């Protein structure tokens, strides 16, 4: 069954108590549809959101620091203790140095956090596959938050990314994002080899987020009975 | 009555549930001594800590972003909603661009957060005073976490900072920090014109933090009856 | 006599051999009009440009590092050895941390480089005045490269900046920039207390840069006989 | 014939006129030994150094910007016009974001600059190989500038890097660096599959740089007659 990752970013409708409300809608949809819905929230909202829902809640950022003198950073251990199940890395709004991506993934794995590493291009997706993250999400920055989906504007980029990533590591599922609005966008992405999608404004700013989620999920393939191999 | 700011940083003894425990010790000491004890915690720990104590809990970092697409950032509004009463800005472990310091202070004031802006030197303290933060904390980076206190190593820096800051804005209280270990260090700082101190490892890594806090407070002046003017 | 600073940025017409050509035009205008024309060029162009003209050539960026292992940085000593007479600091396209601005100015002074520190607002200009740079240039970022000049769009910002900077340090001349296009813009700026202007595209992208420079200079006050006090 | 890359960094003995002197020594050794000696100098020194020697002179840093408003940056086109033949990317003292590394390489290739991309680990070397730079240089940061060479401290890291890089792209030569001091260090590196080395203080701070270079070259394999395939 595919993955649907909702990035709450810093949208008003996805902050603080509103984040809890939206998280509960995501949880409800997950239960109803059996789709793996994952949400990523502002680090500062992790505790309050993760306390209220049972779906996986990811942090939006990780600092690969260790216990000690690091004013202003959030420890990976603190993310876990506050309920994070995983973390977004290298989002185009939060780009990381190559060496830090490697550190981020190591630290995340070390404390038991799942990792979704974002990449702007097929090649950078392949490059990231080397570090064996749990997911790679390809998102052309120029389409993020826009009206045209990556599925329709750049289907060949999705296909190429899946191919290149799997050349390096067959076990890493590829997600795609940027401008994804409806079930048709999702259907194309899945058909091209993605195992899920990453959305933000399409859900957080929707008048009726539940309806928006259900519509996206309509584009996902029927559950297969084939067992996924372990990573 | 002076201020005692405890910066939890990312110390093990000051993270997650341990942060709550240490916060309660700080609260207990505050109640007992009537000293204004303020604690600064990892952003991700804000909600859990602020839910459990009544002393002011500050964030260690602020991002001057607004509602929208800012993956990986914590909104000022989200800091407030998760219980922050204020925020540390420009700590030497978390240096900010000059233009960002101005934005940070504006955004913080806009959402009702108090601001403690750190500075490495007397001149940069004076420079920051222009933006009228609620506190300025001068900390020579080379003494942070060390064995010699700023009070003993550089008393003239403290005196000069107080003078320069008050030349710009008489209303801004000056704190000092770096290597502060005992009541003697505090006494000197207060005598030189500081209205409080900023400590970290001296308390967070103390075998008995309550005892460490009480010892520091012994160095603080008796409460005056003079009313502070409003800022 | 006022100062006219031309920031070459990375404009095509102001790079490499084209930079030399434009520098010679600036030199010609300086000689003809007796205006203090200063040019700032890409660091990599410093040597070739400064070898060919006698007007002051500034670097666009300084790294406050010292001799040693700093791959990718340009030493302040190397800027000097390659002909720099000064340096731009904290341009809105090259923002610096507050602590670095202090270091930049110290290092620049230590090797004999003049400093023009840019600021986006009146308050940050005042803040920078504390560090006693040789010039402060106020430039509202939103007007840089645009069609409306700071003189016409925000005259009150210029007046306020001059006042605030001189409150801290009467000796620091204030320049202004952003959108400055003709002698009228310059006249207003000078009248409001500026001792010169900072321009870029208005000259570098002009069809006839010499004509553009001469037009700007028409807006400058007649030379006074009053001697400037030393800084 | 192997490559010997000398990174001048910001060492006193490798800045300004001293850089020219050292570059001439490198050129002399290159002519005498037929080894491919490449030097990387501070961007600001590019013009003066490249004007005086015929060996390839690389920039230490590239900014992937285009013509326009980018104060403080050096254009790739300006590097070329000032004599750069190539550029160092992602040195551990000048780390770059993953997305920027991709842009850096594209921009460098677009203007005809060769690229040496540094990496701290075997995995990040493999990751970089995806972008097909002209060279990859693996350098464990903790050994840079130290007394023990990567060849002796971590031979297995060199072997693994060569293997992983060539798995992705057989055409990319691997260099290694960090602590390389004498011909013995070089011999091991070459034997493990490196096609050259990257040195800095071992040459720049040597009492007799010519002697140091000649000693390093003693560790390099005899010229083979086999023709390298084009990249």
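Details
In this document, chain identifiers A, B, C and D correspond to the written order of the chains, with residue numbering beginning at 1 in each.
Assume a residue touches a chain if its C-beta (ideal position, glycine included) is under 8 Å from a C-beta of that chain, and two chains touch if they have at least 3 such contacts.
Owing to the predicted nature of the structure, the values given are computational and were not obtained by experimental measurement.
Counting only chains that touch, the fewest steps needed to get from subunit B to subunit D is 2. With respect to subunit A, maximal separation of chain centres occurs for C (centres as means of Cα atoms). Chain pairs B-C and C-D differ in how many C-beta pairs they share in contact, with the greater number at C-D. Each chain gets a centre from the mean of its Cα atoms; for subunit A and subunit C, those two points are 45 Å apart. Chain geometry summary: the mean Cα position of subunit C and that of subunit D are 35 Å apart. Among all residues of subunit A, those that touch two or more other chains are 92. Chain pairs that touch one another: A-B, A-D, B-C, C-D. Of all the residues in subunit D, the ones that touch subunit A in their complex are 90, 92, 95-102, 119-121, 123-124, 126-128, 130-131, 164, 168. Per the touch definition, subunit A reaches subunit B in the complex via residues 7, 9-12, 15-17, 40, 42-48, 59-61, 65-75, 77-79, 81-82, 88, 91-94, 144-145, 200-201.
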